[in-house]
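First the structure, then my questions, so here it is.
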Amino acid sequence: MPLNPPDARELQRIVDWVNLTDDVRELSIKFGDVELFISRDRQRPAVQAPGQAAAAPAAVAAPSAPSTAALAALPPQAAAPAVSPAPVTPASVVPAVAASADELAADEVLIKAPMVGTYYASPKPGSPAFVAVGDTVSAETVLCIVEVMKLMNNVEAQVEGTVSRILVHDNQAVEYGQPLMVIKRQA
Amino acid sequence: MPLNPPDARELQRIVDWVNLTDDVRELSIKFGDVELFISRDRQRPAVQAPGQAAAAPAAVAAPSAPSTAALAALPPQAAAPAVSPAPVTPASVVPAVAASADELAADEVLIKAPMVGTYYASPKPGSPAFVAVGDTVSAETVLCIVEVMKLMNNVEAQVEGTVSRILVHDNQAVEYGQPLMVIKRQA
Amino acid sequence: MAAPLKSVLIANRGEIALRIIRACKELSIRSVLVYSEADADSLPVKLADQAICIGPPQAALSYRNASAVISAALAFKVDAIHPGYGFLSENADFAALCEEEGIVFIGPSSEVIRNMGDKIEAKKIARRAGVPTVPGSVGAIAEYSEALAVASEVGYPLLIKAAAGGGGRGMRVVQRAETLEKDLSEIMSEAEVAFGDPSVYIERYLTDIRHIEIQVISDGTTTLHLGERDCTTQRRNQKLIEESPSPVLDAELRRGLALAAVALCQEVGYRNAGTIEFVFDNIERTYYFIEMNTRIQVEHPVSEEVSGIDLIKLQLQIAGGIPLTMTQDDVVIRGHAIECRINAEDPDRGFAPGPGTISTFRQPGGFGVRMDTHIETGYTIPPFYDSMIGKLICWGQNRDEAIVRMIRALDELVIDGVITTAPFHKKILESAEFTSGDFNTAFVAEFMERG
Amino acid sequence: MAAPLKSVLIANRGEIALRIIRACKELSIRSVLVYSEADADSLPVKLADQAICIGPPQAALSYRNASAVISAALAFKVDAIHPGYGFLSENADFAALCEEEGIVFIGPSSEVIRNMGDKIEAKKIARRAGVPTVPGSVGAIAEYSEALAVASEVGYPLLIKAAAGGGGRGMRVVQRAETLEKDLSEIMSEAEVAFGDPSVYIERYLTDIRHIEIQVISDGTTTLHLGERDCTTQRRNQKLIEESPSPVLDAELRRGLALAAVALCQEVGYRNAGTIEFVFDNIERTYYFIEMNTRIQVEHPVSEEVSGIDLIKLQLQIAGGIPLTMTQDDVVIRGHAIECRINAEDPDRGFAPGPGTISTFRQPGGFGVRMDTHIETGYTIPPFYDSMIGKLICWGQNRDEAIVRMIRALDELVIDGVITTAPFHKKILESAEFTSGDFNTAFVAEFMERG
């Protein structure tokens, strides 16, 4: 193994390997200031397109540093500074005062995309969605996945409440900061 | 004589002739809608530059149509419409509410240049000025001359009062509408 | 007159005033702009070295007021007057007044202006110079027998024009020999009544024509041409889009036009910038002299962009007695340029002019894009003058690139607060006829009829 | 990769993002701009066909964030990525990621970026291609005897550079042979301590130099050069003013530089736009390869203006597999172009960047003036990025005309609300040294010292 921290491609290869195997449930790697933690929800049933490895929804989250920022820290640049210690879930939780397409009630919270990528409503194609409108969620409930280059980022609720509105549809490309859901806070 | 109205050059030639003669005091010509009226104040003593006819300050005023507008009506254009019946003196009299470089008192009137040209404070070089600060003027008092291509336009006060300020100096080139004097209206 | 100019009075407004100010600045000539009260807040007034108000808004009392302009030039002691286009630019009497007053008129002599301003005289000069004119009667016609003789040479359809007419009045197209006598007697009677002069001219009536003009610049000795401009995209004889080179000329025609233009200039001893206008008959693929414009034209930037030559600077230099240093071989046409005249007019309401205040102006930019305009955000278009508020000029390596660049620039252009012809230009540019290059002066009218 | 591009993601901001959007529009390619939260209200965001926010203001989390950019490209399904300059444009790993993901990287291959990004490797390639490099040691030196041998070839003054150093650190000028041994041992000790590697390079120390670079464009088979740009007007290695052609080259030197640049490209199988930088030794009147920039450069418009060739459009076409149709003979340099980089910096306070809100922006215009900028009236310059807010490019028939036009355009330019380098540029342009063309890279520093 090289002494230098891995570059994006090496991390990518590890994620690819996890995707291709059936028997890895969790994986944690730490090289210097780069940390990778993979937690797979379930096995993916089959490859989608012939001749191409499917992007399995392996949920990836960086426990102490945001994985996207780590991936951005490609040589020869220095590692990207983590602007603020990233929370366990990288979802941006915006209180009701923040602007949104629709008016938010005072007890509503907007869930925004923590990164640009593809929004998945369910852990894998065809399986039930993580949440539906009316569902009760806790702070740790996974609301959806945003895929960034085959890295599946769980978006957690961070607040307790009920799902009030879902603003995007499955498989939709989403911008950084794009409103995804509205959670009505528990009274 | 041609049946068509005279063009600027023909008028100019007449004015030039008046300038060159010593014995014409007043001249009035009318061709259709073009009217020319020349009133000479005094004889000009001598030619200024050798080899060139001097611009004698023959005071020219168009009694019923502004001479500048008439001169502008050169063939092949139609005669310039007189926008409004020109007053006997073409000076623009602006009441105190109008903007000026300096503040005007409520009873002060701004005298503006009726045309672009050269301002003369006196009827001829070396002679006393038409008016000085403190002079009492009537509506018909000639305040100054503005020369437009050797045509000497008398600027009359149009109000009764006293000369409060003189804003330009003798021989100065002045714009159309440039403030020349301030007249304090008679109480 | 032989001394390089130190100061120039600009007797114009709008974009052309700005254009001349810029050229003066680049030549270290003091720019003295005269303006009417309506233009006191305009960009040219802000940018000129000196600005002098010469009268009220009405052009007759300011920009067309010869004595006010000359008085300003004399009082403020400038060397020369640049008349721009319109207003006093082709007024021979004004040029003569300048000559008399010892002020350099930036243009040809008053005599040349007068001669070329007389259409009959200009046509005679053209013939003398061996420049083809539209076939027709040499002088006025008063008899049917003369008309018949001319008609047999000219062919049908032909055009009878009252000698004293003009601006489309006193004209009739004769389709067949059978009606010639009747048409002639009718138009002569009409002309007698309308103008007090029954004499008429006859010339070939051309039905499928383009408008092509040659830009020339001369110091009185050396006359150079800067290639042609094709101004076929017109609406009611108003040019909308001009381009250079013309999409229809071959090298031989191009050369013929240019040499004809230069010959005409040499015939009259032309000095300064000028344009020789021709009609180009699409059917016969031949050209005829129509008239000469003895001034800089609105569409001069099209020639500047393809030649790299700054025409206004040359005008100023020639007027200051500096001879041309380049030769015809130095004039190399590169690529293709198109100009769209942006007017504050509403194409949906018969191109009615709509003055108003521009709430937002965004100028398009980037490679190959030039916008000559005096407008700014917050500028109020005065109702007293022409409705043209700017010219968008795009250059490309070829016509296709110039067209896509113009469409891109029109998309980028924002003029909020007034209705402009910019969207109409885009439609024209995107049409199959325009992109093909194969159209005539009726194109815009037909395009509008189709809707 | 051989299909013409239908959509391009623009991984940049500011004027270059706008430049690429314009080129995309002219080629009917969908422009998809990625932007940070700080640029949400910027002109490129308004003008792109689609704009996608990819992260917070910090460049490391947005414009330099390779995974965010590629994720956006994949999620929003674009064909290609144009990196502009700076940010990810010369990041070989990013280019490699694009290659792996099947996204066209608009630039050369990741391998070429990697090789040319390594200064030692690039120098080796240059030597292989027969391109002159600054005389000096071929590899690292560890012994005084080696240093002595190299020094006798190179001459004095010479430069000792720590192999592991960079950015001005670990360098020493040796004036005389007498001090070589002592200087060598000192710099090697310092390098050992600072970088853990005592090895050094030796090369000739050039004291009177210009910076001259050659613009190339290649489809991988045909490599064309677009003449040189002279970037000698620098301040602390930051280019201020670039021009083309260089005022000091003769035809033979120009040809030599161009051929060297093309040879280097062919040696590495270069594809797309690139720039080969040389130092030009004023004393010996000879040139040495320094480095290659494997991307479009800030100053590319200078070459566009003199060649008439739209470099960004060629980049997009080549990336879409469309080969170059022109030959070297079609590349004709006409006139002279100058670019001034307008930065929101205060020359009186050590060029300190000063972000802020632009209360009024007036863009200069007219013939030969181009301003590539993303600023508008009301635009707030964010503090997160480069302080360059626009580039003013002026073309003229010759260098003198280009200079007076630039001065005129700088006078016309209004950027109120922030302090910019525009007035400083004017002072430089008006200086006797600049107008003479005879200066070196120390000119601006000396000019400022004189005050």
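The first chain written gets the first letter, and so on, giving A, B, C and D; residue counts start at 1 in each chain.
What we mean here is this: contacts are C-beta pairs under 8 Å (C-beta built on N, C-alpha and C of every residue); 3 or more make two chains touch, one makes a residue touch a chain.
This structure is a prediction, so every number in the text was calculated from the model and none was measured.
Steps from chain B to chain D, taking the shortest chain of touch contacts, total 2. Leaving out only chain C, the chains still linked to one another by touching are grouped as follows: A, D | B. For chain D, the chain whose average C-alpha position is most distant is B. Per-chain CA centroids place chain A at a distance of 37 Å from chain D. For this pair, chain A with chain C, the centres built from the Cα atoms lie 65 Å apart.
Note: centroid distance chain C to chain D, computed from Cα atoms, is 44 Å. Residues of chain A in contact with two or more other chains: none. Residues of chain D in contact with two or more other chains: none.
If the chains shown are joined wherever they touch, the resulting network is a simple chain of contacts running from one end to the other without closing. The list of touching chain pairs reads A-D, B-C, C-D. Interface residues of chain A facing chain D in the complex, by the touch rule stated above, are 7-9, 12, 68-69, 71-77, 80-81, 83, 115-118, 147-149, 151, 173-178. Taken together, the chain D residues at the contact with chain A in this complex read 34, 37, 52-56, 58, 60-62, 64-68, 70-72, 74-77, 91, 93-94, 96-97, 100-101, 117.
Contact residues on chain C toward chain D in their complex (touch as defined above): 18-19, 22, 25-28, 47, 301, 304-305, 308-310, 332, 334-335, 362-363, 365-373, 376-377, 395, 397, 401, 404-405, 408, 411-412.
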